[in-house]
Amino acid sequence: MMTAVEPSVLNVLQRFGIVRAATMRLIEPLTPEDLMVQSSPDASPVKWHLAHTSWFFETFVLREFLAGYQAFHRDFHWLFNSYYNALGEMPEKKLRSSFSRPPVDTILAYRVHVDSAIARLLESGSVPDDALRRIVLGLEHEQQHQELIATDVKHALFTNPLHPAYIESKTSDAGESIAPPVEWVSFGGGLTQIGLDLDPADVKAFAFDNETPRHSVFLVPYSLSNRLVTCAEYLAFIEQNGYARPELWLSEGWAKMRDEGWEAPLYWGRDKSTKSGWSVYTMHGMIPLEELSETAVCHLSFFEADAYARWAGCRLPTEFEWEHAASTVPSTAGNFIESHLLHTSTAPSGVGLKQIFGDTWEWTSSGYTGYPGYKPLPGALGEYNGKFMSSQVILRGGSCVTPASHIRPTYRNFFPPATRWQFSGLRLAR
Amino acid sequence: MMTAVEPSVLNVLQRFGIVRAATMRLIEPLTPEDLMVQSSPDASPVKWHLAHTSWFFETFVLREFLAGYQAFHRDFHWLFNSYYNALGEMPEKKLRSSFSRPPVDTILAYRVHVDSAIARLLESGSVPDDALRRIVLGLEHEQQHQELIATDVKHALFTNPLHPAYIESKTSDAGESIAPPVEWVSFGGGLTQIGLDLDPADVKAFAFDNETPRHSVFLVPYSLSNRLVTCAEYLAFIEQNGYARPELWLSEGWAKMRDEGWEAPLYWGRDKSTKSGWSVYTMHGMIPLEELSETAVCHLSFFEADAYARWAGCRLPTEFEWEHAASTVPSTAGNFIESHLLHTSTAPSGVGLKQIFGDTWEWTSSGYTGYPGYKPLPGALGEYNGKFMSSQVILRGGSCVTPASHIRPTYRNFFPPATRWQFSGLRLAR
Amino acid sequence: MMTAVEPSVLNVLQRFGIVRAATMRLIEPLTPEDLMVQSSPDASPVKWHLAHTSWFFETFVLREFLAGYQAFHRDFHWLFNSYYNALGEMPEKKLRSSFSRPPVDTILAYRVHVDSAIARLLESGSVPDDALRRIVLGLEHEQQHQELIATDVKHALFTNPLHPAYIESKTSDAGESIAPPVEWVSFGGGLTQIGLDLDPADVKAFAFDNETPRHSVFLVPYSLSNRLVTCAEYLAFIEQNGYARPELWLSEGWAKMRDEGWEAPLYWGRDKSTKSGWSVYTMHGMIPLEELSETAVCHLSFFEADAYARWAGCRLPTEFEWEHAASTVPSTAGNFIESHLLHTSTAPSGVGLKQIFGDTWEWTSSGYTGYPGYKPLPGALGEYNGKFMSSQVILRGGSCVTPASHIRPTYRNFFPPATRWQFSGLRLAR
Amino acid sequence: MMTAVEPSVLNVLQRFGIVRAATMRLIEPLTPEDLMVQSSPDASPVKWHLAHTSWFFETFVLREFLAGYQAFHRDFHWLFNSYYNALGEMPEKKLRSSFSRPPVDTILAYRVHVDSAIARLLESGSVPDDALRRIVLGLEHEQQHQELIATDVKHALFTNPLHPAYIESKTSDAGESIAPPVEWVSFGGGLTQIGLDLDPADVKAFAFDNETPRHSVFLVPYSLSNRLVTCAEYLAFIEQNGYARPELWLSEGWAKMRDEGWEAPLYWGRDKSTKSGWSVYTMHGMIPLEELSETAVCHLSFFEADAYARWAGCRLPTEFEWEHAASTVPSTAGNFIESHLLHTSTAPSGVGLKQIFGDTWEWTSSGYTGYPGYKPLPGALGEYNGKFMSSQVILRGGSCVTPASHIRPTYRNFFPPATRWQFSGLRLAR
């Protein structure tokens, strides 16, 4: 039967199988009860992620492009809508933890139903280009939710007073080595091209609308540190009263930090039983900070990253500086979710930019806005990115829970500046 | 072996078996996922109730009275503490929905472990009276949580946007009959005895500390309505703008009602598809109000009950008036959880006080304070009741989700006046 | 002309002059700017009190009983309504500090306008009894606001970072003496009469509706301490970790105290420059605690008073115990606002109950509810007291800022249990 | 004496006199009570502005540069600090309305004291360049507070339930004319220079640190509308359900708008007595919208400006597009505070860019960040601008309450995107 399918469609079908299976692999260590936890208003239960990612294909592909498609359940169309106002009303986000029904078995059946219908569409021999593009978008969307599943599960398990591990086995490569000193990589500045334009003829090519259009930006000469800031370096900031010196902080960050009682990155806790006085919650449970001290520091808010940079006599890069630099580095190498490490790696040695992709999202100093001539996708999908362009800050490069095939130099992630539950760290600029 | 057990101990053992089994029967219609839901800060996940009721026996009986008792899990002692500060720190209440671990299977094993140890203690042939008293207290405690399980499950399932039923089968006895008009039962007033004193020699006798000591109260002559207010009667209050007339409301209630947007009892929703224009969520799903109109109205706050009474030209009874009247009625008859109706019954006819026990908790006009000479239990158990004696209002008589053997005329329930998720209604006084 | 006025009317006219003048004397130390401050949502600017007390006479007396009365300003009728919903809409309480217009001069002219019209009515030779009763009520109302002016001004000036004094001169009688130990006064219990009934024929007789009707209450034998708790005694409670021992506190109080960061009564601040380590803000500015240690402790919430009593092995009296005891003491003696001390007096010696009236309001253990057969006044004035009968606690006896002629044994004051800006302290019972 | 003063110093002295006098002229219509009002947490009482602007000269000029300077009052140094953490603790902003003491007379004496000392310093014959620069900064600072005084007074008087006017006389030029249709002015794009660099030798030259350094930005070709959006145009947006269409709004703005119940610009209120159905509060009191319909719409949040632009098929300009365009227009012409109109002017006709300066601040699409190489001023003054560079949006061009000499093409104002009490409107771009 496969012989009837043309290569580009076959390629999408294969990718569909791989991405959907990766989601299922992520939940293997989890029980149906784990899938129910919503530990903060920013997070969602994993079960909801499983349903919503299927809903996305059903809503934007199957209902539009598969003739005679029968919805799996008449209520799922509004039940698993996340934030697309154009599709009508939806449940409040905070209610997601009340979705004990439908049970997870039904959600898994929903996934199979959708998988099968997508396969039917792809194998039908006449797939419109727009349908293909939507499926590719759906896969990128699913990869984003894979990252969110890892992020939300980490927070959910940490919130449990017993702090259980996601997976017990730990593949630490930390050892006793000390990270080599930071080296600086210089860039000459001038006019550079930022973002990209998609070739309308290439249905498999993908970028989010917020990465377009490609346009010119003028850069002043600058340098970037060759690697991410480590836990040991960040600990020095803490020990030198970094959280008590207002001159290091943006005014908004200073107020937030004091309101929330921050004194270290999220997941760090004081622990008299360890040499460093700190333990860190990871996907493998609590680990003494001294065992992680040469790994990249993670779970910082923008405000903490910015304050650290100021303390270090440096600054954060703009997203344009970062992208210009990153375009010289292959995006396929890095510590991604596929490494199963699920935390940051040890600071590397060697010349040139390291850890650009994977490990941690890197806070930039750039607010999230549209590029010149930016146009959201038409219809409900226009709500995917564009409507969030206020009060958010750009992060770049992906993290240790990003799928490797999901990231690229032009990729723009964005979160409010106080966000800490993401795998977010920093690279210095000057 | 049973032959060695003396009758009073055997009686406790039998009661232990019955009460513990009743809890398990309550959760039969629920999935492990259902057991996770905490739909409001007042409520707890059912799973937590299952663990906490076992924790109570472990903490107050087994750790103190069973030589060589091995705790089931070293962390459960603080993990499932509800509010006993004297026992040390405990998790925040709002974190209870993050308890995906331990899984429900472990919680059920915990119950079996505790059950077996209690049986061992009771069958040991030498049970101290204090241990027996604690077990009896633990059973009353468990019955309170059975009611909370029903209450919390109702709220949890209602919060689910699909509004699933707890049990589909519905045993409605509503029919088309119209409730007979209210009749008034008069009481002469004078000095009366309120509360009770426990005979220290009778280990099985039970009352909560807040029901003691028995003391004199002087009552002015009064009358009580012979039955509870019905949904139809309450609908008239709504339709005559009861929620828009400030002169009917206590100032605090008026503010609360407007802040929260109340326009009917909890679980009532406007529904154009029904004759009455309203549907009501019950344990059996959504039901048109017209099918329930002659049943007792339920899920009112104190403020609504008080406003209704004022609108009707009456008032709420004091807890002393209520108790004096109730002492003439057998507490074993009524619509309790054992009826499996799980909602209120139709207004009865006939002479004399009806629906005194069961159906709905009845709001009184009495604030919750200690009786003259009130002494809390010694130690941590002193926190059971006494520390809640501020800003709460007394309710009397039990509800349709109260176990029949749990209620008595002197029983004092208490909740903040804005509480609506309890099965709470009203009887008029004048 | 005065000859035409009958004695009982003349008496009201004289009292009117005295009470209205007392309000003006209270504001003498204050600037127009001081009169603008609203330092908490519970408080009001003094300027508003000046307007509202005049509004009360205009609304409830002049508009109803003085033929041809011309309102001073067409907007004042709604502008200076406090909480009478029956009279229509009113500004939000929090907006009172935005009333820079009308200026204070206009408010003072408003007072004169109202004073003159009241005099005209009283001297008209034909004053209906109902009008007289309303004027008497208006004077009691004004005296309540005199106390509020003192209370609110104290909070307003304290909130100013410079902590200015209300009046600089200080009439301290504190000295170095140590308060004599508490003595206990015993009462035999039994049936007693509480509250009072007004003689409808005596237009000058006055009580608030919540003091009626007179009714029987049965009391168990009890004792009261002969004087109020002192600052030195309360300091011992603080120093013995009273604010860190949950077993001493009601649950609601424990949560409130920790949320708000209470560690001492309101107006106490840690001060290393004093011997005791504390300073206390008074109407005369900051004073070292050691100079006040034998005076009655003041500005406690109900929760603190209750916790102190528990720590001392005692309890708070019920309002009925208090009234029964107070009925044996003349209510005209005490430290009232007329003493110009404006803080509490030193613990007295001698036998019998002391400090029953004046010094501080005494928290009781009684919630605020209506007496059996309680009926609010008809019309808008029914909102004066009755609608506040939930979640409030009774205080008795008046304070050092209560006018002497305003208090009596049956007087019931009420505030939410967390209230601290009132002059509130405690007397022990057992 | 003046003869001893060199011309550049004399120029500063003259400017000092003019600017300080302008502040005094602003408060002429206000009473001491008006000066006390703080009607929102964003605003300050005018009295505080009067003190703080003098504090600025005392702190940053007199204490550093005038030998033997005696502070006016020992507490003012911390009392009137706004947000400079480097100078130590300061009162909470919300306490500013409790500053009834010091009275306004003292504040005015403080101004005279500072004025006199500044004159003494300037006439001393040896003024360091740094002192001159600080005085110039202080004058710009004072002009910013002049605008804030107008803005805060408008809000304060509007909050008063009587809505009094700031000045009664109204100089409306509105008439019946209809605004000419928008025309578009095109710009070619390419590399342009943004910001400016100050000549260190020119002590009188002034710009805020956030306008520096001058740097290159690449612009894509764009067009700007020749004038501001009018009230009539904005009314069409309202009437075509602009506030009910989520697709027009940023997600954050949609949530905010619904939370706050916005349905029109701040100061617009529904009014059945007017032809348009709306009245607008202005500095001259309430005015029917129809009389203002051709004036520029004002008091919009960024979210409303952005939604309007989307509805109109356009967008907001970037701050770079705006500055590039504005650099072609003289900044001295416009409707500024000196016009005494105190509201926006009628849409002009004629070719070319109009209303670039004055009338309303124009929301741009640019978040507030530092320019490449941005360096804050050293010391406490570094907190002036830099620490606010998060979650704020750039506005350009000044408003009808901006002093004419205060504005320039490179001037960057910034506020959080939900801000509405500023005189903020919009110009369309495409």
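By written order: A, B, C and D. Residues from 1 in each chain.
Everything below uses one rule, namely that a residue touches a chain if its C-beta (ideal position, glycine included) is under 8 Å from a C-beta of that chain, and two chains touch if they have at least 3 such contacts.
Computed from a prediction, not measured in an experiment: that's the story for all the values here.
*Asks:* What chains, if any, are shared contacts of subunit A and subunit B?
*Replies:* A chain counts here if it touches both subunit A and subunit B, and no chain qualifies.
*Asks:* Among all other chains, pick the one whose mean CA position is farthest from the mean CA position of subunit A.
*Replies:* Taking each chain's C-alpha mean as its centre, the farthest from subunit A is C.
*Asks:* Pick same or different for copies subunit C and subunit D, depending on whether their interface residues overlap by over half.
*Replies:* Mostly the same residues.
*Asks:* Calculate how many whole Å lie between the centre of subunit A and the centre of subunit C, each centre taken as the average of the chain's C-alpha atoms.
*Replies:* Distance between chain centres: 59 Å.
*Asks:* Taking each chain's centre as its mean C-alpha position, how far apart are subunit C and subunit D in Å?
*Replies:* Each chain reduced to its C-alpha mean, subunit C and subunit D end up 46 Å apart.
*Asks:* From the mean C-alpha coordinate of subunit B to that of subunit C, what's the distance rounded to whole Å?
*Replies:* Roughly 39 Å separates the two chain centres.
*Asks:* What are the residues of subunit C that contact at least two other chains?
*Replies:* Subunit C, residues with two or more chain partners: not present.
*Asks:* Among the chains present, which pairs are found to touch?
*Replies:* Pairs flagged as touching, ordered by label: A-B, A-D, B-C, C-D.
*Asks:* Which residues of subunit A touch subunit B in their complex?
*Replies:* Listed in rising order, the residues are 31-39, 47, 75, 79, 91, 95, 97-104, 156-157, 159-162, 164.
*Asks:* Spell out the residues on subunit C that touch subunit B in their complex, using ranges where they run on.
*Replies:* Against subunit B, the touching part of subunit C is residues 83, 85-86, 191, 215-220, 222, 246-247, 249-254, 302-303, 306, 318, 365-370, 372-373, 382-383, 387-391, 393, 416-417.
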